[in-house]
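Both complexes below contain chain A, partnered by chain B and then by chain C.
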Partner chain A sequence: MAAKSIISRPVYGTLSPQPGKHHLFIADAEGALAISEMAAKAPAGFFDDAEIVFIPGPDGKHIAALESLGPAQFHQAPSFASLLPRLKQTLSNAHMGLRLYLSGTEGLIGQAMQVALEAGIDHTSMQTEHRGSLARRMQCVHCKGITENVTTQPATCSHCGLLLLVRDHYSRRLAAFQGVCINAEDRSEIPPMEEAFP
Partner chain B sequence: MGITFRKETFRDDFTFRNSPEHIRRFPFPFHEDSYMYAVNIEPHVVGPKGSVLENLIDVDEHYVAEMQDRALVLAEDPLRCQSLPHMTLAGWDLLELLMEQQALGYPEHFTLTRDGDRWRWINRPLGIDDTFTFGDTSTLPYGPMEYITRQSQGDFCILDQRDGNLWMDAGMVTTQADWSLDFDIGMNFFEWHAPVPLAHEKGIFTRALKFLTNIQQGKPARRLNWTMTINPRLDTSPENYHKWGPDRATVTPENVGDKVHLRVELQSFWRLPRSNGIVFPIRCYLIKMDELVTQPKWARRLHRVIRDLPEELATYKGLTRYRSTLVEWLSKLDDGSPTSPGFGPD
Partner chain C sequence: MSTGTTKLDVVVSDVVPVNDLVTRFHFRRRDGELLPTFSGGAHVVVEMRDGERTRLNPYSLMGSPLDTREYTISVRRDDVGRGGSLFMHRHVKPGLEMVISYPVNLFSLDLRAKKHLMLAGGIGITPFMAQTAQLAGEGGNFELHYTCRTASLGTYADVLRERYDRRVRLYHDDRDERIDLDRLLSTQPLGTHLYVCGPAGMINWVRDRAAALGWPSEAVHFEHFAAPQPGLPFDVTLAVSGKTIRVGSQQSLLEAIEAAGVDPPYLCRGGVCGQCETNVISYDGKFIHNDHWLSEEDHRSGCKIMPCVSRFEGKSLVLER
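So, the complex of A and B:
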């Protein structure tokens, strides 16, 4: 679980079945386990109106378990980027009564939420559950580039190369934590890089 | 008689200075010899002649130079001015407010004439004379918020009010004290203040939000905030922190008086009539230590405030690297005698 920190830092819950006409699940890797555990508490026939979109981790696990829930639609994607066009269409065609469930890494939850926000869905209406890696998406405040899967503190911007302090300050609009140059005042100070978001 | 606008810079050779009259009118932010956060909000009403509150929207001798600096910042980084799609009406509200207030306070410099929706705006210091249709964005060279805030001192945040909260949904932010509009746009009141230490625990933001969401049209409010800046640099954005951050390591006992500046924000809060948004102008005033200590009361008080500032606040305000040098320098101007109550100089 992610540690509690400042107010802009997202807080995740535990997926639970919501009243609604349609249910869209978006998950990656161990996020599948959150769906399976929720399914045990769901009423019969719950997945008849559900779509599960899943990005497996490198080990390719959990696919059969999700299919066995019998969702109306099951889609497997190799990456979030590859999923994006489909997701945008699903959300722009969605009607009232669609419920959204996001589970897995923070990067997945954040990016899926970003697309849903752009489609006009209120973030407080989405169910979220964090599972798996604590790796962060980080926006460099200086060059504006996004670095994916940041696990260290500080971290190097993959675009401009500055050494950045990864803050807890988080933007849902950007789906990213803020990275600010850690040694701006004296570039010769190079703090040790530690594994902070495994 | 109008204002004599100074030719000066806020970057490179840093020729910014305050005239003796502007030193006396500086909005010194400490009414006592110590500082801690408080919900220090009061009605924004007109104050004494010759003070920064003489007009509710203050225009001063730095106006032209500040607008030139803003244009330079925007040319480098257009993301400093952003407005989410639902905020255009609030932009028109702001244009009206700033044109009215500037024309009211400084008729020799600004003139607004209205014939229905046909408006004519004359800004003599910047050499602008535009006629446009109020509400029709195609008749202005920029969106309404950008157009008028390229002609108004201070940063401007426009907050949308919904769900009992305020949302940072538009802004012109080129003179900020280390926060990023591009990152914070779209956040609610608690989220964009999230990095501020101590104040959440004290309930400051809960009370401030309650106050702000109840602001009524025609009854603006204000508060002062402060930090310190090395060199008279307006653009102390996080975007450029890697460029201005090294300045903080250049403070020596010999150059404190010239390099270290007190930076005061006069923040005001206004309800906007059509959009029901709140505009939040953040007007920045800079004064170098050499200028500030020409008022002995301010020198004594600033010494005590900086010396006794809680460590978290000093860190948050970025003073750590030069605080001891500054306190040592100010201590020589503090004979320990009492200071009179209130903000003003003796």
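So, the complex of A and C:
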């Protein structure tokens, strides 16, 4: 569970059925469990107007469970990048009354939220639930490169190679935590690298 | 004391009757300088010196925010109200020196919106006059749906049609024209923000339908200045200042507190902004809450009151003021 620290560090809730005309779910891996648990509380026929977009984890689990909810559309994608064009298309054709539900890893929630913000949905009106890995999407504030799936503190920038302190300072616009050089004064000083975001 | 605002010394530069009920007032600064910048949806509180009595009423600025040489407000005459609008209609003439507050905006546009959908009822059109002018200047995407009783009471309907053509849709009660609200709300592109200003019943109807149709509350904006309602006189003890005062039947609780020389904070004087929120120390009787600020839970708890618009009936009321 993501703990509250500074104000920009995102906190997540528990998915709950919202009044609306259409319901769009985007989930990865164990995020499927959040949808299944919410479905138990949803009124009958709720998924008749729902679309579920799912990125299975490496174990390929939960696909059948989501299909059994009977959504109007079920779409499976190998990665977030691969579903991005479809998501943008869906949102650009959507009307008010569409509700968005994001569940799974922080990277997935953050990137889907970034696209939805650009489509004009306020971040506080999206339903979110964190499930699975705490791995972070990190922007190096020096070279601006994004490193995916950061699990250590400090972490190495996959672009410029600087050793970065992964901050709780988060950017919704970039969908990334900020990484700041941890040894700018003396590069020979190498603090131990620990598993911080399993 | 109006929170964080300074007063503006103005002179009435023009008074223009618009129709049977509505008159427009123009204000310029007495020193000839430009007025402060404002944004569409802002209001000013106008001080009316009526003999012994001072009235402070909020009115939306309806001129273009691009022109700050003058401020304009439109006042609908209310023959059974507490007299503020009648004072404006009868006694305010060009050349009169008046004092108004700095503009305050509690009904501003959310400029992140992809589209602005505006619903006006009656004199609720005034903030939209400024908002549409602001958006038109920036090439903004808006659509205005305006309900009025009759064509002759459709204040500024002709001006708006002239300026914005098909972006303005009119509905006349006497011709039984009604907004197909559910259809309108269900066909708006994602990223639309909704703005509603008009009678309380209309605002509640629109907010309820929007919520039921899946509009998040962040995308629904509304403004309704509740005029303080007259009622039975009642006595109040102000615990902090150690005074006991009587609120007259035509007076608001806030006005009575001010008349006793106590200076509580305020901004809108219409139950919207929350500035004058006051804690109740004890009471024996019942509250008549008229504000849009406190939650229903607050209303039920008997722990808080908005003295600008709400009243009390009963044996005793002690406020932390």
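We take it that the second predicted complex is superposed on the first by the 198 of 198 C-alpha atoms of A that agree within 3 Å, B and C clash if a C-alpha of one lies under 4 Å from a C-alpha of the other, contacts with A are read in each partner's own complex, and residues count from 1 in each chain.
Everything that follows uses one rule, which is that a residue touches a chain if its C-beta (ideal position, glycine included) is under 8 Å from a C-beta of that chain, and two chains touch if they have at least 3 such contacts.
Model, not experiment: these values are computed from the prediction.
Of the two partner chains placed around the shared chain by superposition, chain B is the only one that A:His142 touches, whereas chain C remains out of contact.
In the superposition on chain A, contact of A:Gly97 is made with chain C only, not with chain B.
In the superposition on chain A, contact of A:Ile6 is made with chain B only, not with chain C.
Of the two partner chains placed around the shared chain by superposition, neither chain B nor chain C is touched by A:Pro85.
Residue ranges on chain A touching chain B, taken from their complex, read 6-9, 139, 141-142, 144, 162, 167-169, 171-174, 178, 180-181, 184-187.
Against chain A, in their complex, chain C makes its touches with residues 112-114, 185-192, 211-219.
Chain contact summary for the complex, chain B toward chain A: residues 79, 180, 182-187, 190-195, 200, 238-242, 245-246, 248-249, 321.
Within the complex formed with chain C, the chain A residues making contact are 18-22, 91-92, 94-99, 119-122, 124-125.
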